[in-house]
Structure formats: structure tokens, C-alpha cells
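Here the structure is laid out as C-alpha cells; the discussion comes afterwards.
By letter and in written order, the chains are A, B and C; residue numbering begins at 1 in each of them.
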Amino acid sequence: MSWTRRHLLDIQSLTAEEIVTVLDTARALKEVGRRAIKTFPALRGKTVVNLFVEPSTRTRTSFELAEQRLSADIVNFTAEASSLRKGETLKDTARNLEAMNVDFIVIRHSAAGAPHFLARVLQAHVINAGDGAHEHPTQALLDLFTIRERKGRIEGLNVTIIGDILYSRVARSDIWGLTKLGARVTLCGPSTLVPREFEQLGCRVTYDLKEAIRDADVINLLRIQHERQRRTMFPGVQEYIQFFGINPARMAWTKPDVLIMHPGPINRGVEIDSETADGERSVILEQVTNGMAVRMAVLFLVNGGRGPQEVIAA
Amino acid sequence: MSWTRRHLLDIQSLTAEEIVTVLDTARALKEVGRRAIKTFPALRGKTVVNLFVEPSTRTRTSFELAEQRLSADIVNFTAEASSLRKGETLKDTARNLEAMNVDFIVIRHSAAGAPHFLARVLQAHVINAGDGAHEHPTQALLDLFTIRERKGRIEGLNVTIIGDILYSRVARSDIWGLTKLGARVTLCGPSTLVPREFEQLGCRVTYDLKEAIRDADVINLLRIQHERQRRTMFPGVQEYIQFFGINPARMAWTKPDVLIMHPGPINRGVEIDSETADGERSVILEQVTNGMAVRMAVLFLVNGGRGPQEVIAA
Amino acid sequence: MSWTRRHLLDIQSLTAEEIVTVLDTARALKEVGRRAIKTFPALRGKTVVNLFVEPSTRTRTSFELAEQRLSADIVNFTAEASSLRKGETLKDTARNLEAMNVDFIVIRHSAAGAPHFLARVLQAHVINAGDGAHEHPTQALLDLFTIRERKGRIEGLNVTIIGDILYSRVARSDIWGLTKLGARVTLCGPSTLVPREFEQLGCRVTYDLKEAIRDADVINLLRIQHERQRRTMFPGVQEYIQFFGINPARMAWTKPDVLIMHPGPINRGVEIDSETADGERSVILEQVTNGMAVRMAVLFLVNGGRGPQEVIAA
């Protein structure tokens, strides 16, 4: 099928076929990335603004490198420097950028829904690079890409997500993407951070780590973000490690071919110990590599690219 | 006529003919911007440093996009990161940049005259992106461009500027540009911020809003900058809105084809309400779009470009 | 001889022949820089990350311009914005960058040995842009380049370095480079900052300025960095100026063709007065210009370039 969307705002509104189109396009672009000269000039003459109102060097760098390889012109517009500090509204900032003939806005913002708002008021293509605790769609797409590349499929796999599900945009996007493609999702963590309500999204919820990981084909560990979690809900780091930290002793409970994933940056010694993070089951760095191909694919598709066949033909 | 200046430091020293050359060149470049591939590689192989010692994301972004479309190499050099914080003088910073074979320095600085100083000590082309309360020449040029594009002419128009004239570099540059091209300029605002001395520049000064806007062909609203205005001179936001804020009730006093302009960022609900800012008389976003063409024109001309005929022939 | 190293980590481990290869390659690239279009596209399609965990606008700008002229794709990754602030280790940051297919990492870090550590754990090319008080190899190379260009040789010259030798990475790299190429190095400054132990590196140590500069062919003045020097070791600025500041009266003690060098930024009126800094013996701005050619040479060589003959043939 051909892609027709002008924006990438979330995973929730995508069909399974659309997700597969992104993954197939990313696979074709990953092949392109192996050539000596790594550019594929689909965005030549187009301007991308990376509008990061929340700081994030990794995701911003991944997008920036993806944009460079598509030969886009790039402007980085960070909150620290911006007139948003002077009290200007997001709408005015975005409309001003559009008035400068900007073609794409990649936005990270602390407010859930900010990218959807921009997509309604702008002609430019909008890509959500993380909005509050709502969604982080390119992270979910790179997670799906990595699982499919390693396991050959998504359908029928058992995927366990461990950590602060309640406040995680990564978890939300992953849940939508995994369930749409037919995986069975288990959520695990402290009960204050993994409410039973998530069962309504089609997930299994358990507070028992052994039960959560015993049958898992994939374990996705979320970063424990001390800064964001509400103090009253978080049980304390030592208690978290004791009940939910992944280490070689807990890895002994898992299937031998389980994949260990993490969106980064890792808190070594908290949600995962170094031996496991750097071990042979870990695909954490592959996720980073795949993130570039997935972000190239998203930019290519919202720009009017039809799908992988167009990359392969180029 | 051909352009011969190596710098753009202010509007005060330009002739009417030079201003028109910039406007005509910008018009030709705006046409270029409508092509699918928006670059015009007049600065290929040249290096531009954006030396912003005062923060400004909008103006910096506008310059950066203009530089990209002329195919320049760009380095952003912000005050936060610079050795100016270590106590180095502006002169040493600039001479060091020049020693790195930099061709253009676009400078914003809190000290009036900083660009003129650099132009005296450097071989590089210097462009003033705003110096203290002195001048902001590219803002005036984009204002003139927008008025001429909408009204077909500048000469004989009534242009009213409302707000803090005393501390505004935009007002100063606009006054020079408008009067040189034959417009009649009216200044309006609190008497502490609009001293009678401005009459010596050929302007009419009034403290009565109705009188100021009744015959205006153009109304240019300045941003009320709480941070910069001296407390003792500013009458308070509510009082300002009551006497000088523009809204639909006040718009009823104006000519039906008046243009509403604002250099941005807007304080919605202070100097202008949202309905008027987003209404059909507002050309605020057109100003932003035209800013890119004007800045491309300035870079092109100080680099040795002769004028619009050279753009059209390319 | 041909260059074979994949990294530039320090001067200490280079042979005299390798240093000369860098200088000869930089000379060839400086010639290229005189052409109207200043690019030499040896790094086209390659990605360079400037990972500056300590702020430095000058060195970062010099590297960035050198990278642009080699047509590299560039990402600036500063500590302020980075997840290093979130507690991520340098190793994780660097491995993540590498997973994004980054080809070069130019690193400035407050910890001595940080570049060597990265070179052990990464496949990417690593270039040391200053590590703690350890080394600043490209600064030493540009100092050597400037001396050789002005004096025609290094061997047999008397080079005096004045200032805080103990905490200076510039001094350490200069000492290694100068002694390897056959210069005689004298160190001078307050005894607390110039310990006798430096004699073991083959240097002369003196606390008498007149003796230090009388026979010098080159005087290299280090920046007095109030922020870094331990209070108990530094004698106070006025005392420093009185005993070690360079000014016209002290210049009268020197050989008439002595070169005055400084790595910048200058504290005018402290280690050197303005008349001398801007005088005819000063080559301070030439050092800045030469820094770009030297950094282009280093990037070109670690990328697999063989030496100056390859530049000349291009």
C-alpha cells in the first residue's frame, strides 16, 4: 500500500499496514546507509526545523543526522534560546516558522497534543518527537523495526515492558504499535506506576517480575526518570532495583533467545545492570542505529514518498 | 543604480536609491523562492558567522535560512557559549573569527554601534541584526518591502508607529527608511516613551490614539518589552492597553484598507488583541516571509551583487 | 612517509616524522584555502560530531569551519544540552553516537584521558580537542606550523613558554612537539606553577623573566585562567603582571625578530599588554588562521589521507 499521511503524530491513529510501510521503507533506507556515501537526497531544497522545547540531545541528534542524509536544510530551534521564553505562544512560534517557508517541523514538547495542535494550524509537515506523557511514535517504530529485524516477525511474540508505564510516552506508543501488529504485551512495575486500567488497551498487567519475563520474547526496560516521577508514587530506587531490576540472576528466568531493549539513556545499576546492558541479548545499540533509518523513512514518507519500492528503485 | 557598500550597518546612512535597490533585489529573490528548489548559490564557499550576543531565535533563524538558501557555510556563535563570557573583548572575538577566514559577520549586540565598530576593524562584511536601541536595519527593510508590495508605493503614505519609540531600534530604523522614501510618519504612545524630540526627525508626535490612526494607511505596533523598559517610564500594562491597545473597536476608527504590522513576537492582548492580529488587515506573517527575501538581498548585495537584474538573469 | 593513525589523541605518542607530515599536509591545505571556493571535499558523506563537554567557542568554531571545508556533515553536541547531565556516562554517550554511524568524534572534556578512552571503545575516529590539563594536540600543531612558517625551521630554535605550566594542556603538548622537532624549550612563571620537575621533560626552568626571554626566538604566553588556577598557588594578578607580564619595556630585552604567540583568548593587560599583542612581532592571529589548516590536515589524515602529496595532486 502507499503512504498518504502528511504528518506523523502518533501510533494510535496508524493502521497496521501503515506501520509496516514505515518499517519496510526504513529497511530499504538502512540498505542505502551501508553505501560509502550515505545520502539519499529526497529532501534536497526542503527545510526542517527541529523545535525541541524539551531538551533531548539523543533524539534531536538522531533526527538531525537522518535529515542530513536526506539532504535537507536544517535549523535547530531550542527552547532555551527561543522567544517561547518571552511568553510567545507555541502557535505563534510555529506560524512564524512556517512563514519562513519551513517545510517540516519536528517537535518535542512537554504538553501532550502539541504536535496535533501544530498539524491543525500549519501547512508544514509535523513529526512528533515526543509530547508529554502521550506518545513518542518514532521510538515505537524503531522498537518494532528492531524486533522484526531480529525475530523475523512481530505477530504472536510476547513483549514485556517494565517500569514507569503510567508516565511513559514510549510505553504508550509501544503498546499501540505492538498490539496493532499482533504481539501480546505484558506490563510490569510498581502498582502505583502500572495501573490495572492498562488492561483495557489489551495488555496483561502483572506486578510479579518472574511471571512477567518468563515467557517473554522481548523485554523492553524503561528509564527510571527520577526527575519526572512523582515522589509519592515512586517506591525508591533501592526497592525498585530489588523488585524490578534486570541482572544476570533474573536473566536466568528468561527464554534463552530473549531480546533486551531500552530506549536510553540507561541508568546503569537501576533498571538494568551493566553486564546485561552490554551482554549478547541486548539490542540497545541496534535500536539507536535503527532509529536513524526509521526517522529517514518517516521524513521521506510524509514528504510524499510512496514506500519502499521508491527507495529501492533510486 | 548599482549597490557598492560592503556592509549593512544602518538605514540612516543609506540613500533612497540604495533602499530601493535592496527592495527590488528582494523582490527578485522572492520570485526565486517560489521555485521548487529554493537555493540561489550566490554565497557558495563563503562563510557566515551569526554572532548573536543578545538572544534572538527569530531573527537568527531568518538570517540562517536566508544564508542556507544562498548556499553559504554557516557557524552560529552565541554569547552563552562564547569566550565573551571569559572577558574577551568584542574586538578580539571578531578578529579571531576573521582570522578563520570568515567572510560575513551578522551581529546582534546590546551595545549601540557594535556593528559599526566591527566594520572599522575587520575586512569581513558586517550586517547589523540589531544593536541596542540604535537600529535594526533589516527589520525596516522588510517593513518597507511589505508596505510597498501591498500598497504599490511608499511615497505619500501615512504610517503610524505605536508603542515604546524611545527604546526601539525598530522604530528608529523604520523612521529613517519611511521618511527617506517619502512617507509621512506619525508616532504615538505614552508621552514618557514618545518624546517631542522625535519631531526633529520629520515625524508627527501625538498622544491621542484616534488622531494617530484615523488617516493611517499603515499601523506598525511595537512589542511592549517589559524586560527592557524602565519601570519609572512605563505606565503599566493595563493602562497601556486602555490607551494604546489595538482591537476591533479601535479598528473601527481606521481606514478600511489599513495594514496592521508588528515586528514580533506579539504580546497577544497587550499591544494588539488576537482578533486583529489574526484578522484580514494583518500582514504580520507576510513580514516574516518577506524578511527572508530581504536578508538574502542584503547578503547578496554586500557580497558584490549589483542588483535585481543580476538575480533575474541567473 | 605515510600517515597510518586512525586517531589524534596527543603529541606525546607521535614521532617527529608524523608531526612533520601533519605540518606539510596543513601547508598544502592552506594553499587550497586561498582558492576562491575553499572546499576540499575529502570528508563528503562522513559525519563529524563535535562533542564539547567543556565550553569552547573558538576551538569548536575552528574545528567546525575545518569540517565544513572538507564537506563533512556536522552535528554539534554540547554538554549543556546533553544527557551527560542526566547522569549518563561518557562511554554510553559515545557508543550511542557511534551507533548513529558517526565517523568522527572531536572531543573536549575536563577529564584527562577521555579521548584515549573513547578511542579504545569506539570504531569512530577520535580527535582530542583538549582533555583536562593533559594535552591539546591541535593547538601544539598549529603553534609548530606557525613557528616553522615564520622561521623556516623548528630545530635549534629557543622557545620560551611563560605562565601557568602546571595546569596547562597547551604547555604539555607544546613541550612534546617542540622537543621532538629539536627546539630548546624554556619554561618561566611563578615557582608554584612551574615546578622543577619539568626539567625531566628536557626543558630549562627559570623564574627570571629576563633570563627566560633574552635568547628566545619565540615567546609563547599562556592565558592566566583565574577560574581554573588554585587560589593558594596563584600569586595574584598584580604580582603576576609585575614579574611576568610582557610589555614594550620587556620586549626591549628580546631579540629583534622574536615571535610573540598566545593560544587565546588574551587577557589584555595581564599576561601581555595591548601594544605588544597587536604589534609587529605578534603572530597571534596567524595562529588562529593556521589552526584551520592544521585541523583540516588532522581530519584528512586520520580519515586515511596519506599526506601532502595527495592534497597537491587533487
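In this text, a residue touches a chain if its C-beta (ideal position, glycine included) is under 8 Å from a C-beta of that chain, and two chains touch if they have at least 3 such contacts.
For clarity, every value in this text was computed on a predicted model and none was experimentally measured.
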Answer with line, ring, star, complete or other to describe the graph linking chains that touch. complete
Across the interface between the identical copies chain A and chain B, with over half of residue numbers shared counting as same and under half as different, the residues used are different
Whole-Å distance, C-alpha centre of chain A to that of chain B, is 41
Residues of chain A touching at least two other chains: none
Which of the residues in chain A come into contact with chain C in the complex? 33, 36-39, 55-58, 60-62, 64-65, 68-69, 78, 227, 264-268, 285-286, 288-289, 291-292
Show me the residue ranges of chain C that touch chain A in the complex, using the header's touch definition. 44-45, 47, 49, 73, 75, 77, 81-83, 86-89, 92-93, 95-102
